[in-house]
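Note that subunit A is present in both complexes that follow, paired respectively with subunit B and with subunit C.
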Partner chain A sequence: MSTPLIQISGLEKAFATKESWLGQWRFHRGKFKKHQDSIHALNGVNLTINQGETLCVVGETGCGKSTLARAIMGLINPSAGEIHYLDQRIDHLSDQQRMLFRRRMQMVFQNPYASLNPRMTVYQTLKEPIIFHNPELSLAQVDQQIDDLLESVGISASSSDRYPHEFSGGQRQRISLARALSVEPDFIVADEPLSALDVSVQAQVLNLMMDKQEERNLSYLFITHDLAVVEHFATRVAVMYLGRICELAPTNTLFNQPKHPYTRALLSAIPRLDSNTAEPIRLIGEVPVPTEQPIGCVFQARCPYANQRCYDESPAMIAQEDTSSVACHAIEEKRL
Partner chain B sequence: MNLLSVSNLHVNFHIKKHELAALIDVSFTLNRGERIAIVGESGAGKSVLGFSIVNLISKPGYIHSGSIKLENKDISKMNLRQLQEIRGKRIAMIFQDPMMTLNPVLTIGDQLVETIRSHTRIAYKDAKNIAIQKLQHVQISSPETRFNQYPHELSGGMRQRVIIASVLLLNPDIIIADEPTTALDVTIQAEILQLLLSICEDNGVALVLISHDLGVVSKVAERTLVMYAGRIVEEGPTLEIINDPQHPYTQGLLNALPQMALPGQRLNQIQGSMPSLSERPSGCAFHPRCPYATEKCQQEQPSFINSGVSSVACFIVEDMLNEFADEEEAYL
Partner chain C sequence: MKYTRKDLMHPLSDSRFSHMWSGFIGDKLAILALIIFAFYCLVALLAPLLTPYDVNDVNFMDLMNAEIAPSWITQDYHFLLGTDAQGRDLLTVILYGTRLSLTIGICAVLIQATLGICIGLVAGYLGGRIDNFLMRCADIQLSFSNMMVAIIFLAIVQSLFGLAVYQQLAMVILILVIGLSEWPLFARTIRASVLAEKQQEYVDAARVMGFGSKRIMFRHILPNTLSPILVIFTIQIANAIIAEAALSFLGLGMPSTEPSLGALISEGFSYMFSGSWWICVIPSVTLIILILAMNLLGDWLRDHLNPKVYKD
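Presenting the complex of A and B:
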């Protein structure tokens, strides 16, 4: 297999919780010490994304999915770890150096009502990235390119002088996708692109994304909490919980034989049409906020199979026979 | 007798001297303890219908004609005083975004107690007891602590539980839930739906669930109304509609679900999009997007017929049924 397109190793990100300068001082053993609380959004994520594949990241709100996407795009700087694009390291680049990668990697955001500038027409929105990254093009060529782009996402070129509010949610999300495609990237990060859309419109946008992938050999990092979409669309799936990846598997394997207790619970919660599906596995409690670097398995508090080892020792990702890998002591010990 | 019966309801919006019809000839009934779902895309009029049941339509919208009868009283003709007796007490509503529904500057407890005390004359202490009891009822852990917390201190799922608790305070007969789980995660969604279901079953409350996701609906509702461009196009038992959808629009909605296509294959999308109120197509409003549309569909509005599975407004289904009946006759 060729070198992976994106390689992430040991990625960590901690956000400092805002406190006043005075509030940061703690009295400890007779001395004042400065102490800043932080929320650990990513705790050592290792991940590779291959060329032409769709890697879906699933997990509940607050598990660090969006932070992962933003770290890859360079919208936030990771606290530790490395991100490689082909063979170049791309974290901690200066803005100038990153510009080269911006046109290879693009992002589609969750809310199409907020991610398009309401004061720019569709034409202006698409023109900006094209002339920025291709200053040599003549205006006529740029116009031609914009028309082609709009047609290719199913929006008539004649509506290019309209403003975002004149379009429906699905059309806006298609314009967002057109904007991402305008610089001809190899890799698109899509952060919950469907969650603001109706079921029928979701289908239109998903189909479009699949068409574009075939045409241009695109790779996607697709972030979602909707497992029905994942099952349909993904090549591989990474399940995230509290800033760690707990299971990584090809889509078929994951849906037929979910291994990690958290994956099992997630899968059982999908609303299915057939009425005779099993009762969902109910998780106790909610996702905790990771203010401290967790000790042991991140899922310990909600896991029905947790034992003492899960509280003491953090499980490593262990490759299974069926090409999936799982981070769980219970599976390693064959208790599950 | 039906608990709620809506008949021939027309709701219009008066915008820039134009009359735009948001609901056209909507009729349905709801029995005591029954759970129904209203399904359709954005702009189908689901929420307008939900709002008009409690007469919450505000200007420029108004109820043009038709009646909404709660037992014998017509809600559409009530004045504000009479409406206040109904809202919350008889019919309660749950909205999509729990953060928008709760007041961010009041504690959970204050909001719950205020609701009780504005409807009944009762001491603060007693109201607090009721509120805490209801919080327990919706499986909120340590309700005494939550009582004094502000909405931003709770997670999305918790907030929606608080809303459900607040709706239960006055023991309503009907709960209208307008996309109650759209803003929530899958795991939380499953829990909230389960909670709504068990509350309705335990207390004999009728539920009107508004959603665009037939997967969600199938778990909760006994009967489903499918809406398109302000009209009901199909109505019947949920399971039968899901197993054997009659109207092409219902078929389209079901086929668009990712689980209906093979992995890696294109999803079956419905071509085009919901028309806006000002551009309603003639005849059957679905005909520009319908794969089976004929000339008749473009000119005339189909009326409801019983297809055996559901009650459906579609010429195609009607023709098929007639053909079938003719064949049967010939055979006999």
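Presenting the complex of A and C:
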């Protein structure tokens, strides 16, 4: 049994919709009431990331994938819930206390054109974190380390004096990965690192990430839209919908036997070359805007199997026989 | 050492630089403006070497020589541009005046820029209440006329310390007054660019690395907001020189023993209608050309550092 590296329990995040201080007051039944609208991006996420695994998070736009990533990295403060790194709680730490975990956890961003500082050369970009986290290193050692890092991500060390705009998208994403690896982390959050790249370059970056995982025993939290990448890359997959995780399963199990109605619809939407597969399941309606904390199952409005219980009670993650776990009343009641 | 040159690297990359250079060569007006500005700077720096008379000489100020017309009128080549009402050689006085005006302008803008950049960065990056507070301060500062604040402040200083002390400290006080009164211009512009830069992922990446706010603000965000700073910098120098000239003209600036361009104009103004027009007109023309060159430079920089406005 692999040991859990990151444990997330009951994570919630609500963003206040920007309203001016005065605009928060509403006149209601003869009284002024303070009212602040908010968007509930995460509604109680429970997730465990094991050492050395790749956990892919899939889901449609706006379901809270990036919010989850940013909450884990401490870029935003969660409204409720806990995040543990090994056995230490890290979600409520100050910047100073968090410093220790900054080295252990790193992030690769979505847009390779914005994630590197345009006014810093590759050398400067890599030198800064290395010196910052290892002030005892001599300049020669730092230079050596930078050269090694660049070579290891397939960028020639001689181009370290160039600025980011002189590189292609794929090269930049590899430089971003080198920056993340520069502090020798054991956990990397990748927030759609491939979405801005074209397919051949995606494969390069993906293979590089897999090589690094093998080399350094890294764990990934990999956020993506692309189910083909998931099938190729993931150890386990978490399917998110509207700020909750609705299914968590090992990759093979998920792709062969999707259980949650949303997962089924999602997987049936993958275009296949063979023509004998079933028609894609069409979901009706749109994702609701989560201005209120949802009551019942988040998928109720679009689920063809919803009954009264789904409207009243939110389903818990229930472990299945095949090591997957699903949050769905229909599955629990064996209706599905 | 392998990487010794790296830290000296210009923040503008090569291609950007060459783009600016080619644009510069194409623009005759910009070249002319830069040459004029460089000429002024050079002359101001070398004033003690260039001037035909020594300002510290006792004979420099000789009332016997007062109000001599420029050489092309009198055919007397002792005083190339004539003399002023105190009998000083006008060329010498103008060279020293330019030196003073430029020093005051540049130092005042340095103060403005330092204050404005720090306040703008903090307001933009930290946001929230600090942002609100600092920007309201800027609004209040801007709602006063700068000239009015300067006049009141200078008048108070004059009456508090007496004229003698004031004349000694005039330059420092002028720099402070002009420098402290116009920081909101810098602060607002910087804040606007910081708000845009803050959204970029490289800032998040720096935060994930654990860098402190100060480091992120000055090392990561500031270099990316340099172009607007450069533009305001040039235009503000022109404004500061004008402000100094205006204050001197009103009698609140540099003393007549150590005149800046503004003080010279003011002094010459009273002799204007007695026929000695050159005491006023020649320093005015000097000032106007300097301001024009600065503004042309600023305009050109704005066009070329901002690709959206840039037109071929």
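Here is the rule we use: the second predicted complex is superposed on the first by the 327 of 336 C-alpha atoms of A that agree within 3 Å, B and C clash if a C-alpha of one lies under 4 Å from a C-alpha of the other, contacts with A are read in each partner's own complex, and residues count from 1 in each chain.
Note that a contact is a pair of C-beta atoms (placed from the backbone, for glycine too) under 8 Å apart; a residue touches a chain by one contact, two chains touch by 3 or more.
This structure is a prediction, so every number in the text was calculated from the model and none was measured.
With the two structures aligned on subunit A, subunit B fits next to subunit C without clashing.
Looking at the shared chain after the overlay, A:Arg119 reaches subunit C, while subunit B stays out of its contact range. In the overlay built on the shared chain, the residue A:Gln36 is in contact with neither subunit B nor subunit C. When the two complexes are overlaid on their common chain A, residue A:Gln88 makes contact with neither subunit B nor subunit C.
Residue contacts after overlaying the shared chain place A:Pro129 against subunit C, while subunit B stays out of touching range.
The superposed model places subunit B and subunit C at 80 degrees from each other around the C-alpha centre of subunit A, with the value given to the nearest 10. Of the two partner chains, neither subunit B nor subunit C is touched by A:Asn217. When the two complexes are overlaid on their common chain A, residue A:Ala228 makes contact with subunit B while staying clear of subunit C.
In this overlay, which is a superposition and not a single complex, subunit B and subunit C have their closest Cα atoms 11 Å apart.
By the touch rule above, subunit A contacts subunit C in their complex via residues 70, 73-75, 95, 98-99, 102-103, 105-107, 109-111, 114-121, 123-124, 128-129, 132-133, 139, 143, 161, 163, 165, 176, 179, 183. Subunit B makes touch with subunit A in their complex at residues 41-42, 155-158, 185-191, 193-194, 212-216, 218-219, 239, 242, 252-254, 256-259, 261, 263-264, 266-270, 273-274. The residues of subunit A lying in touch with subunit B in their complex are 60-61, 168-171, 198-204, 206-207, 210-211, 225-229, 231-233, 251-252, 265-266, 269-273, 275, 280, 282-283, 286-287. Across the interface of their complex, subunit A is touched by residues 1-3, 6, 9, 11, 13, 200-202, 204-212, 219-220, 223-224, 226 of subunit C.
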